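Working notes for the structure below.
To keep things simple, chains are lettered A, B, C and D as they appear, and every chain counts its residues starting from 1.
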Amino acid sequence: MKWLDGWLDKTTESSVRGISQKTSRRGFLGKIAGVVIGGAATVPLLPVARSQENPAPAEEGDPNSCEYWRYCAIDGFLCGCCGGSMNSCPPGTEMSPITWIGTCENPADGKSYIVSYNDCCGKSSCGNCLCQRNEGDRPVYNPRVSNDINWCLGTSSNMYHCSTAIVIGTALDE
Amino acid sequence: MLRHNIMKRLIFSLVLVTSSAFGQLQPEPTGVIETLPEQWPAHWIIAHDAAFFHMSDGKFIVLDADSDDTNARFKGFFNGAFIPQLDQSKSRPEMYVVETFRSRGNRGERTDVVTIYDKRTLAPIDEVVLPPKRASQMPNHYLLQLVDNEKIALIYNFTPATSVSVVDIVNREFLNEIPIPGCSLVYPMAGRAFASLCTDGTMLSVQLDAEGEQASSSRTEVFFDANNDPVMEKAAIVDGIAYFPTFLGRVIPVDLNGSEPDVGDAWSLVGDEEGGWRPGGIQVTGTDSSGHFYVLMHPDGYEGSHKDPGTEVWVFDPETKRRVDRIALQMPAITMGMTRDDDPLLLVTNVNLEVDIYRVSSGEYLRTLDGIGAETVLMLHGSE
Amino acid sequence: MKWLDGWLDKTTESSVRGISQKTSRRGFLGKIAGVVIGGAATVPLLPVARSQENPAPAEEGDPNSCEYWRYCAIDGFLCGCCGGSMNSCPPGTEMSPITWIGTCENPADGKSYIVSYNDCCGKSSCGNCLCQRNEGDRPVYNPRVSNDINWCLGTSSNMYHCSTAIVIGTALDE
Amino acid sequence: MLRHNIMKRLIFSLVLVTSSAFGQLQPEPTGVIETLPEQWPAHWIIAHDAAFFHMSDGKFIVLDADSDDTNARFKGFFNGAFIPQLDQSKSRPEMYVVETFRSRGNRGERTDVVTIYDKRTLAPIDEVVLPPKRASQMPNHYLLQLVDNEKIALIYNFTPATSVSVVDIVNREFLNEIPIPGCSLVYPMAGRAFASLCTDGTMLSVQLDAEGEQASSSRTEVFFDANNDPVMEKAAIVDGIAYFPTFLGRVIPVDLNGSEPDVGDAWSLVGDEEGGWRPGGIQVTGTDSSGHFYVLMHPDGYEGSHKDPGTEVWVFDPETKRRVDRIALQMPAITMGMTRDDDPLLLVTNVNLEVDIYRVSSGEYLRTLDGIGAETVLMLHGSE
């Protein structure tokens, strides 16, 4: 589900009202500080590269930041801030088998990947890390690439909780 | 029921106040419930708080947009569950809310209904149970429409198969479900008919018979490119003609007054204006009673900016295909609505999620309707 | 229903964090400004006194302010900020016939009055003018004077919307 | 179900990605759902967001109070509708939520249930439907209690007639309703029994038989004045003895280990401390594994200050009847909880409605658990 606008990202508000820091940015800095200072074992940073035997996209960036590359067409709460991760659902939810798709460029290798935004369903709004980006998003009459739709479909409940971003392929000629 | 309760209440009070000097004072009446006029003043509006963080608890808040008194302007609200959709009747003092419930809140059996609200009481007076298929998505006027002189309500379904539920809203009866494969949403046509936008760049139209079954259908030619310069589904409809803005700032008129949609020639909203202006937002269009339409615009557009906040609202005369006014917003806005009177107000939700009011005739910012207990106002309706 | 504490009243926060104005105070000042500047016809100020034939308490103060005298034991959203008034329910709600009671001193005449806090029910939380004061409030085992209880009882729905404050008598020897 | 969905998902993906260079990349798995350990770490806590502004959408949020990582410490949540109440089993990886639903959200038919949640999945695994009478009020531990070695769940009802619903929580079966006229709440007693506080200043105790019917009952003498110095119902229970703070700062112990409540001598929490200190808040007490109890305190008390925010938490040894520690809060708090381990944490909701964590041993403020998507956290539970 890619629903809400960057308008809940307080950057916009900041630039308008002169407030110094946006909420999500503060959360982001807070987390990084936790990594550096606290040295927590559960830091969700990804390996920078993986072996060639099991090819996966090279990675850089923070998967709990709205700026992370996979989220180029997402709209919703990032599951990594909700007890899940960028590609898994929080406990007690159900992952929608039907999704919308984004085509996002990975800055680590310059390639474009097909990203499936599987929603996690059956609980109410997670409420954390609301993120909306609309690259390649199209209106609801083109549903496979529309993030205005609640994709909690084919699940036992259609209640929306958060969204994942799962790489399912590379895009040709992008 | 109410009278009964008042009686119980009075008995309770008498027991309780036995020891007080009851005779010295006329007790104030209990059980008084406020009501609203059948015809609302033209500048009363309905703010749809979709409650994105608490979706089961959406609200339609009735506000007097002319008032600077925080409390006096708050007229009440009625609930709508899980990103509901609202439409108002012009011929009856009724409002219709399409909403979804589950037997255990966020889980359990699903029930979709159209709830009928009385404008005088803001209370539900009836409901029609629907197939549990209504589209769950961002609010959009074309999820729920009235046609055939407001005798028929049409509800868009997405499962992800697409269809339309046909409801006899006068007799409160579900009639039929019409599949519209490859197409989406409901745009009202003349008579007992609707149109839908299709992924292939066409528009489908469906004529219904007396029982709400499909009598006939037709397709337009391809008139837009759903990938490269798609039409926004958030059309402004003036005199039965739907004006669809495109991502890149054109507008395509489609006349819905005949038996089939009649696609007109596209023209540019931007003209020779520089700065990369494009339409964008949640609800990006509005109309007034004089035949103008309004588009929420932002500069420096790019791929993906089509839902970015707008900094201006541009006013167009569809007859002359020219911009006739531009209203600079004091704070960028994510969604817009209009009142329907001769001195219309422009209603927007700003990026702080407050409701700002502007006078169209002067372009003047009038006030911010804060203190309304809302979380995420995503749609703004003038009262009909 | 008298549930929440003065802690949602941002006065506390202000004194702690040095923020200059509390939300409800701003609402209050905003409304007064509206009365003076806007001259709205719907100003909800009460008559200062009423005729002796139909005795009612003399009144002063703003019935939409938490400081208003009748609210000495209230806990909830003030109905006057919700489309109702201090003694009427907003449209479409139902007034609870069962209530809790406060004994509040009226500054206009120095007398104490019995106030019945009838809840308005059947819609979700109004969300405006949350007010909690606990004078004479007692624990829930003393229910007639307990504002921790949702008093939407005897109504067709027990969902709490807002609270009124209705004078039902004068108190003896207070 | 899950596996089925994964299969559907994969088929969908294959169709979709046909045109991409699928062979170059191992697609990431879909359908992965996180799980939690059966035994939670001692410093995981449950923050009850009663969602006072959106009551249908309450949440119990599981957090690692030791973590400074906003995202890593957020373990997930489970819902609870309309100011629910939570209790945890110590002997089974289960949690119990008493909640209320209506068939149309805020209206329609009422259903009260105890929902049973699995601590490993945060998913509901069963429910017991209750008489639709459960008390709707501010959260309070004594609205829901487990007795008889966690075989029986007791739910307090208020209509305003008071009673207790008896549930066989192992076999998921409602057994019986016990009227407790003039009395309120459920305090766990030894065996298959409970006690309740009564308006007349006594305590009622009820012994249940195998079928959950009342076998016998008894009343204590009057031991408090419900008007002038009432006991707070928010007792701290240490080794089966309930310590009830009073409004004016005394504490009255009631031993619940026998067949009848045994009222002990009151003593002063305040002693010769000056400054008008009194207990106050929503949940004002806590206990630790060493046998101490904790009270949220504020200075300059007055009639009506019993729910004002506390500025300190005082620690008492019930054996010596003396204060053994005081923890100064960096920001006043409205409610408190404790973890149950040997190095306990003090959990509070501060007046900004954020959750603050303190180490009891040092009195040190550790961190604020912000960014948890909560609206009004009114109760804080250590994990059992």
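Quick notes on this structure:
Here is the rule we use: a residue touches a chain if its C-beta (ideal position, glycine included) is under 8 Å from a C-beta of that chain, and two chains touch if they have at least 3 such contacts.
Bear in mind the structure is a predicted one, so any value in this text is a computation, not a measurement.
Here B-C and C-D were compared by C-beta pairs in contact; the pair with more is B-C.
Of all chains, the one whose CA centroid is most distant from that of chain B is D.
Averaged Cα coordinates give chain B a centre that lies 33 Å from the centre of chain C. In terms of their C-alpha centroids, the spacing between chain C and chain D amounts to 29 Å. A straight line joining the Cα centres of chain B and chain D is 41 Å long. Annotation: 44 Å between the Cα-based centres of chain A and chain C.
Residue positions of chain B touching 2 or more other chains, listed in rising order: 53-57, 79, 105-107, 124, 373.
Touching of two or more other chains is recorded for residues 98, 123-125, 127, 156 of chain C. Across the interface of their complex, chain D is touched by residues 3-8, 12-13, 16-17, 72-73, 98, 122-125, 127, 130, 132-143, 148-150, 152-153, 156-160 of chain C.
Chain A meets chain D in the complex at residues 27, 30-31, 33-35, 37-38, 40, 42-44, 54-57, 64, 77, 80-85, 87-99, 101, 113-114, 116, 118, 120, 123-129, 144, 154-156, 166-172. Taken in their complex, chain D has these residues touching chain A: 1-2, 5-6, 8-9, 12-13, 16-17, 19-22, 24-36, 57, 59, 62, 67-72, 74-79, 117, 120-124, 371-374.
Against chain A, in their complex, chain B makes its touches with residues 52-56, 82-83, 100, 102, 105-108, 110, 135-138, 140, 158-160, 183-185, 196-199, 226-227, 230-233, 281-282, 303-309, 331-332, 334, 351-353, 376. Against chain D, in their complex, chain B makes its touches with residues 51, 53-57, 79, 81, 99, 101, 103-107, 111, 113, 115, 124, 127, 373, 375.
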